[in-house]
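All chains are identified by letter, namely A, B and C, in their written order; residue positions are counted from 1 within each chain.
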């Protein structure tokens, strides 16, 4: 039961990562490698501030803004200096490795003894739900774990809702058009460069928020924790799209979050069933491959069963 | 609205399925009246975790398994052993941590600091007995291990710290050359591991009346210049620390020090054949073995709360005659007989590596810490 | 109220492929004029439109529109004054976004975009009405992605979008060249209607001599980066197909000489 709750909680935290990748990759069409660096940046900035006794909410906000700043720098590299988007992301990610080391002053910063959103969540859980642990359908579950799960659920819901609202405003719609047909939106008066910079800022802010929450959840920030995160994000987005099969904004957002959670559940099952974690990356690739190919296959099958006969 | 729901239904359905599967697999751990947890009549389950596939960790884990076997706990015979390796992915290591603290394991053995931390965090509620190894400084991992009192640790968590042997390296340097006065080095202050090594080095130098001449760098490209600058300040030997900024430039360092006729030494015995005079490293296989033997005690019923956290640094020394003969004054650096006896391997003057012992351990068994208050902390 | 003075532009300046595309264009277009731009391939007619729109900045010369010097303005800034329809029928709409959303973008052409909702009810209604007037039956599908429509339909919508807010200048860059004849006719009819209704100042590049003769009150022929001929009013009305062909031939010979 705990494994399930933690899989769900981590899945929800990583849903923020998936939403960030959704913005940069799906909306702007940019595979943004900055993600690996900004994820850690959110964690490291938040961790350092928490260690110095700063209010965890402010610390989390600071981490998020730091990630947004990194994303905007990537955007500037790409738009103002005309560096290929992929390269810009790689440059930023490389630079951020050193930045993160400087921020934390070491490669690993433990948080378990400090006040974080994690410790707040657990304390709140104990206060609201009474005892330390209680039974749910016969499984022993700790109040802290439930509180953290609900907290993550709440955070993702709020963030997704805000994104939904934002991308239906004039600025938001214009941003979506920027990734879809930049020439058109320029002819309609949008400053494409500014939108890309802001868009990458939003994307990496979300990613950094995910990193910040993960560090507070797992009790430490590590300079290597962001490595490979862009892959998880993309996998979640692709699985989400395969699940919802729609291009509409709301469904895409929910899909990405669902993809992330589903992914974590599958990983948990694989581990429970004795899968060698060394093979996990291969399994990830297989999952993503299936997610990419399945919708097309389903469409083909449907057509074969109900062939379209042209009207005479 | 219904249409939206229908589009989400596949995803929701799959999630519900997965949740169901996980819960079903977990039926055993439901609390039934009178049930104390583990199914009876089954072999104790032991989990061994490493962070990724570096040779140091592979050796450590091999040692753990060997140590357990020596004490009569073999996989599939007396215990059920399972190894985990998240390959450096924090996503996966979190899942693994939850799995081992939740999945009915009787003992968890972690190697490296990140694995210690992620499991200790997941273990706060469950409190499965946890041993750690291949951690430089346990008190700085934030897991509640006290720096001053080795018995002051969470009752379910204990193990071995293995401080990087910078101090030993300096002592051995002095042992080889009793007239050694000035030793130079280059390091990156951003690296916490380097900071500790330099701190230890300075302490030993002070104790033995030597002087440490150092320069700092913050990137690999600057190592060459820094080395030259340190040599220019007049040194007799050069220490290459276990610093990830300096290590990649090791060949550059060898070139510069060789030209200046300055012998080098390090804490990585495997680099010695490449050009250092000697190297003293932690024998990670042996650390693992000691940890395995400690684990056997825990499986036999010893309470982890009574085990103090200790420093265990079995040495592995490699000497290099070829490098010594290349110096202008090889007599000053003659290896004393007592040191040769302790060495694991010697590089002959012709350049061949001569391994002196099968069993890399320097004889003494791992300190099995007594239930009474602690031995003194390591230097 | 569009004035071009001594416009020069060379592409790939420092390479052997340097192309002096505009070689000193001078042009004055009064309000509500409907100007047709003709020319052979490589004459610079599309380059001229791109220069006015701001796809690139000229090397020398100036561009004035509605009393403002827009020579150094970036493209997106000029969008406040200029409406464009591209040759590629897929180029003027965002395929993954709905018809309604595309129009929402058009409602803010050249204006500041803020955080207010892009498609409030009244905008949606206005869009539906406008599209219904097209008679293509699209008004029931305004939430469908625009990418599902045909090229002709998308070009029609692009035209509506470009003129939703009245532009000071309308640029039509061979906007029917990639369409089938039926759709092309429909688009021309639409263009004419909109231009007349709003009295739009228009520059239209075309390959079709039929369109050149039937539309507009002024005809400019470009050749080798310059305005070679400029026919207005009566003169233009009297032009025949043979006249145009002769002009083309003469231009070709001048080139060969």
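List of remarks:
Operating definition for what follows: a contact is a pair of C-beta atoms (placed from the backbone, for glycine too) under 8 Å apart; a residue touches a chain by one contact, two chains touch by 3 or more.
It should be emphasised that the depicted structure is a prediction, and the values quoted were computed from it without experimental measurement.
Both chain A and chain B are touched by no common chain. Sorting all chain pairs by how many C-beta pairs they have in contact places A-B at the top. Chain-level centrality, scored on Cα centres against the all-protein Cα centre, points to A. Chain A and chain B have Cα centroids separated by 33 Å.
Distance between chain B and chain C, defined via averaged C-alpha coordinates, is recorded as 70 Å.
With centres defined as mean CA coordinates, chain C is found 42 Å away from chain A.
Listing the residues of chain C that touch chain A in their complex gives 53, 74-77, 79-80, 82, 84, 86, 91-97, 101-102, 104-106, 108-111, 113-119, 145, 161-162.
Interface residues of chain A, counted against chain C in their complex, comprise 166, 168-174, 176-177, 180-181, 183-192, 247.
Residues 1-4, 6-7, 10, 14, 101-102, 105-113, 133, 135, 137-140, 142, 144-145, 214, 218-220, 222, 224-229, 232, 240, 243-246, 250-251, 254-255, 258-259, 261-262, 264-269, 271-274, 277-278, 280-281 of chain A are the ones touching chain B in the complex. Contact residues on chain B toward chain A in their complex (touch as defined above): 4, 7-8, 10-12, 14-15, 18-19, 21-23, 25-26, 29-32, 53, 82, 84-92, 94-99, 101-103, 113-114, 117-118, 120-122, 124-126, 141-144, 190-192.
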